[in-house]
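You will see two complexes here that share chain A, one where it goes with chain B and one where it goes with chain C.
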Partner chain A sequence: MKIHVDKTNLTQVLQKIQNVTERKTGMTILSNTLIKAEGRQDVEFLVTDLELSLWTKIETQVEVPGSLTVSARKLFDVVREIPQNMIELESLPYDKLLVRAGRSRFELSTIPASDFPSIHFYEETELVDIDAVLLWKALNKTAYAIPSDDDSFSISGVFLHPVEGGRLRFVSTDSHRLASFEMPAEVFSSIPIGGGVIIPRKGVLEMLRLLEKETMASLGIEEKCLILRTPSTFLSVQLLEGHFPEYQAIIPSSRPYAFETDWEALYYGLRRVAVLTSQTWRHVRLTVKKGSLELDAGNPELGKANDVLDIDYEGEDFSVSFNIRYVMETIQAMESSRVRFEWADDAHGGVFLGPDDEGYFSLIMPMIV
Partner chain B sequence: MTMSFEKVLGQSRSKRFLQQVARTGHLPHALLFSGMEGIGKTALAFEFAKLVNCPEFDGLDACDRCASCRKADSGHHPDLLWVRSDGMFIKVDQIRELRRQTRFRPFEGRRRVIILADAQNLREEAGNALLKLLEEPPDRHLFILTVLEPQMLLPTIVSRCCHVRLQPLEDEIIRDHLVARLDIPAPVARDVTRLCGGSLERARWLTEDGRLAHWKEILETVQRLRRLSFFDLFDLTARWALKKEDLEQDLECIKLWVRDLVLCRLSDSEASTFDLDDDLRRIARNLDAEDLFFLYDMIEQALQRFRLNANRQLTVEGVCLAIKDILNGQGSRNTLS
Partner chain C sequence: MERSIVHLNIPDFYTGMEELRRPELKKHPLVLAEPAVRSVVQGVNDAARREGIREGMPLGHARRICRRALVVPPDLRFYGEVHRSILQEFARFSPLVEGPLPGRYFVDLTGTRRLWGPESDTAWRMERLLADRKGLHARVGLASSKLVSQVAAGCITAGDLSRIFPGGETSFLYPLPVNLLPGVGAVTASRLADFNIQQVGMLASIPAESLAGVFGAMSTRLLRIARGIDPTPVLPFREAARLTLVHHSDRDEIDREKLEALLFVQVEEACWNLRVHNRRPGRFALEIRHADGVTAKTRHLLPVNAVHIDQRLFRFMLPAFRRLIERRVAVRRIVLEFSDFSIPFRQMPLFPWENDSFEEDRQLQKALDDIRRRFGKQIICWGKTAVMHRSSPGQRDLPNRSGPGGF
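And now, the complex of A and B:
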């Protein structure tokens, strides 16, 4: 294999694939990227950590076709350091890849392409064009509540499932809080979701990264695998098997206490009092009275913070405490000029809604302080 | 060309069983290979893992040519996971990582095979974490555990595995392997085979660094013990205890020699490990078998004490004194102790 590539293009593509390589386990092949230069102009890059697989390509000049695998991280590090604009990649005998630019030469060890896991991108699967912006929004509004590890009470992924009224819901929960986003089911009309699928956390984060700059993408599900295609990239995500918790049971059906307030006022109010919270003292107490919301946070070591905001509320007084980080993340995910808070009692979670952000729903369990 | 399964020496009964299981397709979710070290437990586990995922499996063996077999051989098969001791133990984090890796279905093979070598090194909490995995095994996964003795594992783990007992290798197999593959001269191979107790690893170990000659030396020393004065005996043990070499293995050698004495006392027909001289045979025949068993137990205990960092000199002295006493027929066991 011998190719000439533009440094900027190569850096971009190598940057893109870094997150999908595996560095933790001892399997070296998973930290490598498969470089395939089989056509005259296209060079394909494939990576997998067995959970996610990614395919992407760049257009460049192929002098001698061929394929090999090389450490994605090291190639990236090398390419980043090269000052020249054109880089030459050439395979050498004895399983080496020569990276040459100007007078710099790097010989990287390679593993034969035949040893690379056979990645199945289900090319024959029919992909459905979807609104990339809407999918990005749905994932972004639920990603923050995904726990980073599985435990016996929660599952580390976003649960995508159909609900009554012809709608589709994205849900994530770490058993302290829950985030969900609903959209009309027509958006994903012919994708076989069945009773629901769970997209793992790593997959959600990678999809967010891919969709960020796109407006159109296509999606498909095949054999417990989700395939996302953008013009230059194929991503396949192994879906999680397992049962998502019966989350509906913890959402209080009647929430007699409710108020609305300005998004900015609440967010910046929380930011102000958050200054005096710490890893152990992380609560914020919301004391709700007629027309006012008092925020209390702080700890005996550092001091206390108190702030009062105006709200539209005429009901009985009540107060409730939450983890301040949870409340702030919930509000940050909202796209609304107002925030609506609904509450039943101490045994149930508080609900945060964005009146202008249709479909978004968040529930946070109260803290006992 | 040697086929995949044939690369593992001996173990024909276990191989037949595994082939049968693979043919019917009714694979258990966990297999436990038990047996002494150096008889091919891990090698058999690896070859079986290849066979399970080989698309060309012909009912007997893996093909060794397909992409799956080649990837396994080069250590790049995505569905073949190894769990080995990290230092002395297999730690709970390794099992947690394993749990993360087994959340998804196999990547390209029929099954994901997890080989957990030396499962006796599982720490308690790691064992419990593994138990959880074995209790609710993920679909299309096969766990293969290797262990010296099943008693070294939590009984709950053993009860969740299909147990395959591997046998010590036959003498001819080891001897032929030593001669054909390791270029060991036939007479040495014969001696080593008798000493290794059916373990190829031990046989290889004995052929290295002049260990065979060293064992013969030990034997001569031990046989000399009964004629030594106490002064010489203590002098000998003091020097012995100072030696850098593995005293534990020296004791293993003495243990085999005592076993020979027991065999000589009980029957003439059993082949002995060492060539005992006629004088010693005569003495052994006249000894009380109980005394010999006592001696054997004592060496076994000494070995265990060594592993617990007992004083080397005192332990060696104890063993040598006991040998001297019993061979001289004094039987000076202190019954009050």
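And now, the complex of A and C:
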């Protein structure tokens, strides 16, 4: 194999595949990318961790066709450091890849392409064109509540399922908070999601990255595998088999205390008091009185922070403590100029809604201080 | 401005404390040690030292050397209180007072001449204050650095003052034997003696590259202290809160089940204290000493949901303990230490069934605490600790600690 490739294009494609490769794995091939230069002008890049696979291609000059696998991280590090605009990649005898630019030469060890796992992208599956912006929005509004690891009470993924009223709901929970976003079901009408599917955390984050700069994409589900296609990329994500917790029963139906406040005032108020919180002292106390919301946070080693905001509230006084990070992440995901907070009690938690952000819902459990 | 650092070193601080409490002990060889078969000597007075008893010696050996030696258990809490009160007394002379160990003090007198007069007079006044208020005598060293003042104090007897004027550090240090330098112990001194380096001046004159070949990374520090270079400041000492529990077995233990039970008893005791003070530990350290003298240590962070409930805390620590006792050698001592305390804030779970097991544990612990508060700590115990009372072959049954109860 021998190709000449533009540095900017190569850097972009290598950056795109980095997050899919496995860094700490017993199978070295999973940290490699398969480079296939079979046509005259296209070079394909494939990576997989056996649950998530990504295919992408760039246009370039292929002098000698061929294929090999090389460490995605090391190739990226090398390419990033090269100052020249054109880079030459050439396979050498004894499983080596020569990366040459100007007077710089790097010889990287490779593994034969035949050892790379065979990846099925379900090319024959019929994909449905979807609004990439809407899908990105739905995933972004729920991704923050996905736990990094599974435990007995939560599942590390976003649950996508149909609900009453012809709507589709994205839900995630880490067993301390729950985030959900609803949209009309017809957006994904012909995608076979059945009773619901769970997209794993890594897949959600990769989908967010891919969709960030796209307006249209195609989506399909086949054999417990979600396929997402953008003009230059194919992503296949193995869906989770687990059972998502029965979350509907825990949403408090009666929320007697409620107030509304300005999004900016609340978010920046929380940011100010968060300066004096720490890993151990991470709670913020919300003291709600007629017309005012008092935020208290602090740390005996650093000091105390207090801020008062104006709110629309005429009910009884109450106070509640939350993990400040949870509240900030919830509000950050909201697209609304106002924030509505509805409170039930310590056992049922508090609900954050965006009056202008239809479909967004967040439930956070309090901290007992 | 030239620095003026005073070092006050009270020799045999612990035994001095005991002699002040009980003056009749002064005339006898006095040994501080726990009243256990395998305990080690933690402190000796002058009379005992003359008999050949040293700190760190097994108590049995010390008794064989001097049968008339009086053995007194150390009262570390009392010594700590006296140590803190001495620090407060010295704080009148300067805000920079450091007490790295009980009986050792550094006071930075830099810039206090116009307030207190010449530094030598101030240092002497501090020694007199110690003698009048506490009945203790210190060796006093006064120099431009902590290192030189410490060495200066080490060269004289209690009640004397040794002042090294600025510029005279090297001429003072160079003729001294190397083992007078802080941090040069018997092993390093013996290694230096192999190369016929016996005096500080000989050590200071060796090129760094030559010394690095023998002592590696330590050579830089060795050269620095031999040349009297010590820019370290006097730092007021703030002791971090710690909860330490030490189990010293009379009989070496190799049975894993019994060792885990011993750890559980320590965790139980710690949790009781943590509950009383409403604190959650953020970190724990475990240290075990084997019968052959080998020590193993481990330190771990505790997760946020590790609270002061016996069972729950023990569950987090057990894997670390099991990794620590991998050697098939009996264990003599277990030290458990908790630190980084915080108030136990609790994040409520979203799903009520998640809270069930925690609530069960919490209620069980509360019931146990209520019983113990009313009838005493020994009245009830966890089943895990019952194994400690199980008789070994050829050993008589021990009385059951739990009495009729026990889970």
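Throughout what follows, the second predicted complex is superposed on the first by the 369 of 369 C-alpha atoms of A that agree within 3 Å, B and C clash if a C-alpha of one lies under 4 Å from a C-alpha of the other, contacts with A are read in each partner's own complex, and residues count from 1 in each chain.
The rule is simple: a contact is a pair of C-beta atoms (placed from the backbone, for glycine too) under 8 Å apart; a residue touches a chain by one contact, two chains touch by 3 or more.
Note that the coordinates shown come from a computational prediction; the quantities given were computed from them, not determined experimentally.
Superposition of the two complexes onto chain A shows chain B and chain C fitting side by side, with no clash. Once the two complexes are overlaid on the shared chain, A:Leu98 sits clear of chain B and of chain C alike. In the superposed pair of complexes, A:Val133 makes contact with neither chain B nor chain C.
Contacts of A:Ala113 after superposition on the shared chain: neither chain B nor chain C is touched. After overlaying the two complexes on the shared chain, residue contacts for A:Leu205 are found with neither chain B nor chain C.
Seen from the CA centre of chain A, the centres of chain B and chain C span an angle of about 60°, rounded to a multiple of 10. Contacts of A:Pro245 after superposition: chain C is touched, whereas chain B is not reached. In the superposition on chain A, A:Leu50 makes contact with chain B only, while chain C stays out of contact range. The least CA distance from chain B to chain C in the superposed model is 5 Å. In the three-chain superposition model, chain A touches chain B and chain C at no common residue. Considering their complex, residues 282, 340, 342-343, 345-354 of chain C touch chain A. By the touch rule above, chain A contacts chain B in their complex via residues 24-30, 48, 50-51, 111, 114-118, 120, 150, 200, 224, 238, 240-242.
Partner chain C is touched in their complex by these residues of chain A: 152-153, 173, 175-178, 245, 247, 250, 280-281, 283, 321, 323, 346-347, 349, 363, 365-369. The touching residues of chain B, when paired with chain A in their complex, are 67, 70-71, 74-76, 78, 81-82, 97, 99-101, 103-105, 107-108, 138-139.
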